[in-house]
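Structures for review follow.
Same chain, two partners: subunit A is paired with subunit B first, then with subunit C.
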Partner chain A sequence: MATGLLTYEEFVRNARDLVVMSDRLGDGWELRHVRQTDGPEETAFLVKRICVAIAEESPVDPETPRDVGEPENIEDEDPATLHCRGTGKLSEKTVQFEYHVIYSPSYQVPVLFFTATFHSGRLVPLKEIWKFLSPFHVTRDSGMEWESVTQQEHPIFGRPFYHLHPCHTSNVMATILTANKHERGDRDIKNYLLSWLTIFGPTIGLNVLIDYLKIDSKT
Partner chain B sequence: MATGGAEQQMLQFVPFVSRLDAGFWHELSRRKLEKYHLSEAAQYISGYYTNNSVPGLPTNLLLEYSGFEKPPVHPPYAFPCPGSIIVLNTIESFKTCDKRKILEETGRQIWDDINDGSAVDDPSLLSRFMLLTFADLKKYNFHYWFVFPALFPNDPLTTLSIKTIGSVWNDQQLQSLQKAYDSFRSAHPGIGFFIVVMTDDGTAALHELREAETCLSTEKFMLGFCDPSTMETNPGWPLRNLLILAAQKWSDRLNVVDVLCYRDYTRDGRRLVSHSLLLEGVKLPDKMSTDVLPKVTGWEKNDKNKSVPKMVNLSSSMDPVRLAESSVDLNLKLMRWRLIPSLDLEAVSSTKCLLLGAGTLGCNVARCLMGWGVRHITLLDNSTVSYSNPVRQSLFTFHDCSSGGKHKAKAAVESMRLIFPGVKAEAVDSSIPMPGHSVGTNAEAIQKARKDVETVEKLVQTHDVVFLLMDTRESRWLPTLLTSAHSKICINAALGFDTYMVMRHGFRPQPGTETGSPGVIVGGCGSGIPGDQLGCYFCSDVVAPTDSTRDRTLDQQCTVSRPGISMVAGALATELLVSLLQHPLKALAPSDSHTEDDSESESCLGLIPHQIRGFMSRFQNVLPASQAFDKCTACSPVVLSRYREEGFDFLLKAFNTPNFLEDLTGLSQLYAETDDDQVWELSDGEDDM
Partner chain C sequence: MGDEGVRRELWDGKIPVCFKLDEDEVTMSIRGDRVAPQPCYMMIPRVSYLPLVYEKLDKLYSRAAGRQVEDEVWVSAEATPLKWHYPVGVLYDLYGRGQNLPWEITVHFRNFPEDILLHCESKEAVEAHFKSKLKERVCYQQLLFKYNYDEFWAVNKKMMLSTRSEHEPFRSIPFCIYQACCTDGKILFQRLLPPHRPKASPDDQIVENTLEDIIKLYSASFPLTEEHCVLIHGIELSVRTPIQWLSENLSYPDSFLHICVVHK
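After this line comes the complex of A and B, so read on.
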């Protein structure tokens, strides 16, 4: 692992451990398996969704969702329905971030894919995503070298996702693993995936709970 | 058990808000095309809700791509809702279908499931929903409307009080509840309805609804459900049908009940359930006759509380043309993020390029420009694709040659659109009048020449950059003059057998414009000449262009060159332009021929030479620079001012009258003063490239 690379088997093992810890922390990670049409093997990947309210003055998505037609008188007035839409009682504008961690056989590292959607399922443009993330995202213009987001077809679903380009992942991870060895002797880091997530996740709004480091996945 | 009293308050429920993920629409489109076809029958689908939202978030019912699968794949913390989806074939049927009937039919399913006991065994049936859609797959417009049916009791549902459990129960009770819930969840994953029995010693136990009969006798019997609502005063939608179920099934022994609205979220690693609501003393409605469907409500309202369907346009994530565009742009941006932060991609992509000639050079330059994200590309050519072309001219195929051959510019543009539909490419089928190729005095011929000149003039004016990629020298004269006269960037590429020449013409600002360039030539060896003092293709010539195809063999008329030459030269021509556009002075950037790597350049892409002359036989390039020539037949002040004054009449003289340009510029006089042999020596090396 000191090369910063990860095998698929290690990836799956790490991912299972991560989900066990996540379940205990209520962090929402799940491991999904998909059988792709062109292969007998199932591909495992991690999924997490986060719904966030966005500020009212945030740029709305002008195209969605649009009402079509006139209001229809199709049901009787119901006093037991709470009319909370448009009252400011609940956030009207929310965006759902969907994160997928997928193993890249060619780079031999995990790759973070993500997308963000409005209520209607329309994708939030990348420019807007940065705006929503700006609170977490102090390093926006600092030219961090792994901050290379590009649009890519999802390797499993074939639809457009954004992803953090994996070209620097192994270098960064190798540095961390080496530094870890120096400080802690022979003890390997707890979970490659977890360490990786703590570094790359926050760039795109995916923060990792400190509690992961406090619990042991094996117990 | 709390007792009913006079101070009963009416319960109001927070309706579901639909939330779809992008994958859902992708999967729906796929199924519509591959499976449903024209069927408008209701299809199976599953959605889910959660009870772990942070306060303030809406009560979402989510549908994702995996909801079509049987069994559906949902997150571990989700509570599945069975549903059905109807995909209508026309917008008319979407508008006019009987919404009341749809609402009642879906409501009736819930009503029947309650009365026949299915919903007791599988309480997720209480959250059944229906999604009505019309998908316009050509425009990627999706019309949709959800029904989350809730049955009305005869009288409003009321409760005595609404409190958070944190304000009623102690820590021990809360922890016991949490523990009881966890063990219920692991035994019955995804079941969001249950019975809570809280003993006097503060121990909680959760049971399935089907165990109600045995639990009813216990003292601390509560109905419980996982509550998607985040409001402090209102439970979520799933409780409505649960209360109807309780009334229909257990009203003989139960008329007032406490309800636990269980909410459970983790923030910053801390799990919280104390914000769950306790509804004390909920008065159950009277049992209703199973024969009559109660009133049903449930069409999703918009944010103005109106019953209106929604439409979403997903072309930005589904239209392959738009996907290709954003993908190409983001991919180019990688260059900036990873290597050259100061790279100005917009300066490149917004440049309008005119390519004169759609042969080997034209094809290769067009492709390379598309690679840089350039969108506006116009190609001009007057010939057709012949059988020998496609193997070298990279935009054509064999099919372009049949039945006389397509027009080259048109075929090239069609091909570019196939490669990248986002390109804004135009084809112009026109010839370029040339000096030495006499137009004659025939009125019709003159009219044609006038029209051709106008076409080229207009094209030059409406583009930012003109590429000279034709196969003769003299056809470059008119565009060289026009780019000089209209102050456009001109990139010139010419090929020999195993040699090539790529150059940027000197930039000629409009008369009276202050260029701000130093006006002083720095150093010798052709280095450091300001952009407005650089020569053009004709500046180094001491003969005016004449008909170079006359008296030639067939071989000489075609471009006979090593096939790789045009790819190299086409690429260099494009890259020269891109480097130039990155320089702060753009076209006025001085020539730079330093070959050392460490020399500083003001363009982030490196040095910007005036000319690149390559010799394939030695795999070598040299980067000469030359100054503008004041007797140049194409860009000298006298030529430009005569063109500005006389326009087409001036050009016609140049086309028709031998030696007109030489006489005008003073070249004739220069000849008279010079030995003929020397002249030929000078012109040799460059003309035939």
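After this line comes the complex of A and C, so read on.
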């Protein structure tokens, strides 16, 4: 594992453990399986949806008027809105993020894909995604945006999704796994996926509850 | 013709295309009658990508279409929006084959289908896309040189049928397979395969992987019938062609083999 790489089988095992922990914490991660056409092979990936109420200075959907009342029946529309955090009041300034963690056979690491839509269903444009994520990013205004989050074809659904470029993942993970080994002797990190998510998730607005680490070290 | 000649021929392969502005988007009129602008004819290299001509299409048709600032050029073949990040040759083999030439493509500015197409609002978007594709290739290479056979095969054992041996020198060949049958046409299968089968023992003969091995892998997930044929650069090849040769000579500039599965 000190190569910073992960096999698909390890990915699925880690993902299952992560969902067990998430269920205990009510964090909303689920493991989905997709079978493409009628072939025998299934692909597993992790999904989580959150709503973020964006602040005044953050990008606002220019198509929707600002001071409209509560949208009606929003909870009937989509169960994911139950996970909404923030002020608790849903407004037109709510952005729904849907995160997918997918195994990449070419990089042999997990890759983060996500989509972000305004309440109207319109996709949040890439430039606004960068603006929204800039507080979490070292690449802010550095001209490096194109190296971090860009649009890509979703490897399973073929639809456009945003994605965090995975080219540094294995190096970063190798460093962490090695450092961990030095500190804790022969005790390997139990869940590669969880460690990876704590490092890369926040760069695209996906924070990991500290409780995961408490559970993980206990089990 | 030698291999060099084959490579050159493929590089020079072009598709005659007729671009027409979507009739519903024509706003230009003379004395109250809408006037569609002239179609535009171009020879487009198979190994290139559509954004190369987007600027030209924009110049030609934006006035007639009354293009707004937020509008973005996109094109479709019949009703299918064309993904600009696939090589032109792949798009043609999937959606244009069997039709009269020149291939008719419709130009749009309105109603960008953002659930199907990646946005392509700037040169940076295009550059970033291809850089990431190349990085993926480099990453393949690094993985393959950095790590030993066992580690590699532990991950990719699904791809191969036979047993493995340690520290066998290899290079791996990336390929993508597309099939048009599914309404939206997408990369269905992206894998890599070494040029040789792993030897069971050192004395074994080297067995080359061929196009047939790629097809076998693919058809395990996506069953093929006799109605299907497999094209690279629009050419139906012998299934006995070694993939090493295919990779050296028939790869696209992004160094992937782009393979199309179509109906005969």
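Here is the rule we use: the second predicted complex is superposed on the first by the 165 of 219 C-alpha atoms of A that agree within 3 Å, B and C clash if a C-alpha of one lies under 4 Å from a C-alpha of the other, contacts with A are read in each partner's own complex, and residues count from 1 in each chain.
Just so it is clear, a contact is a pair of C-beta atoms (placed from the backbone, for glycine too) under 8 Å apart; a residue touches a chain by one contact, two chains touch by 3 or more.
From a predicted model like this one, the values you see are computed outputs, not experimental measurements.
A.B. asks: I want to verify the contact counts: of subunit B and subunit C, which reaches more residues of subunit A?
C.D. replies: Between subunit B and subunit C, the winner on subunit A residue contacts is B.
A.B. asks: May I ask you to decide whether A:Y8 touches subunit B, subunit C, both, or neither, giving the answer as first, second, both or neither?
C.D. replies: Touch partner of A:Y8: subunit C, not subunit B.
A.B. asks: Please indicate which partner A:T117 is in contact with in the superposed arrangement: first for subunit B, second for subunit C, both, or neither.
C.D. replies: Touch status of A:T117: first partner only.
A.B. asks: Go through the superposed model and pick first if A:T150 touches only subunit B, second if only subunit C, both, or neither.
C.D. replies: both
A.B. asks: Name the contact category of A:L126: first (subunit B only), second (subunit C only), both, or neither.
C.D. replies: It touches subunit B and subunit C both.
A.B. asks: Now for A:P105: first (subunit B), second (subunit C), both, or neither, which partner does it touch?
C.D. replies: second
A.B. asks: Scan A:H165 for contacts with subunit B and subunit C and give back first, second, both or neither.
C.D. replies: Both: A:H165 reaches subunit B and subunit C.
A.B. asks: Based on the A-chain superposition described above, do subunit B and subunit C contact any of the same residues on subunit A, and if so which?
C.D. replies: In subunit A, residues 123, 125-126, 147, 150-152, 159-160, 165, 167 are touched by subunit B and also by subunit C.
A.B. asks: Can you list the residues on subunit A that touch subunit C in the complex?
C.D. replies: 3, 5, 7-8, 36-41, 105-108, 123, 125-126, 146-147, 150-153, 155, 158-160, 165, 167
A.B. asks: Can you tell me which positions in subunit A touch subunit B when the two form their complex?
C.D. replies: Residues 23, 25-28, 30, 32, 47, 49, 51, 53, 63-76, 78-86, 89-92, 94, 96, 98, 115, 117, 119-123, 125-126, 143, 145, 147-152, 157, 159-160, 165, 167, 209-211.
A.B. asks: Which residues of subunit C touch subunit A once you look at their complex with the stated criterion?
C.D. replies: Checking each residue of subunit C against subunit A gives 83, 85, 114-119, 124-125, 127-129, 131-132, 135-136, 139-140, 143, 146-147, 151, 154-156, 158, 174, 182, 184, 186-188, 190-192, 220-223.
A.B. asks: Can you list the residues on subunit B that touch subunit A in the complex?
C.D. replies: 10-15, 17-26, 52-53, 56-60, 65-66, 73, 75-77, 95, 99-100, 103, 142-143, 150, 152, 156-157, 230-231, 234, 240, 264-266, 268-269, 271, 295-299, 301-314, 316-318, 323, 326-327, 330-331, 333-334, 337-338, 341
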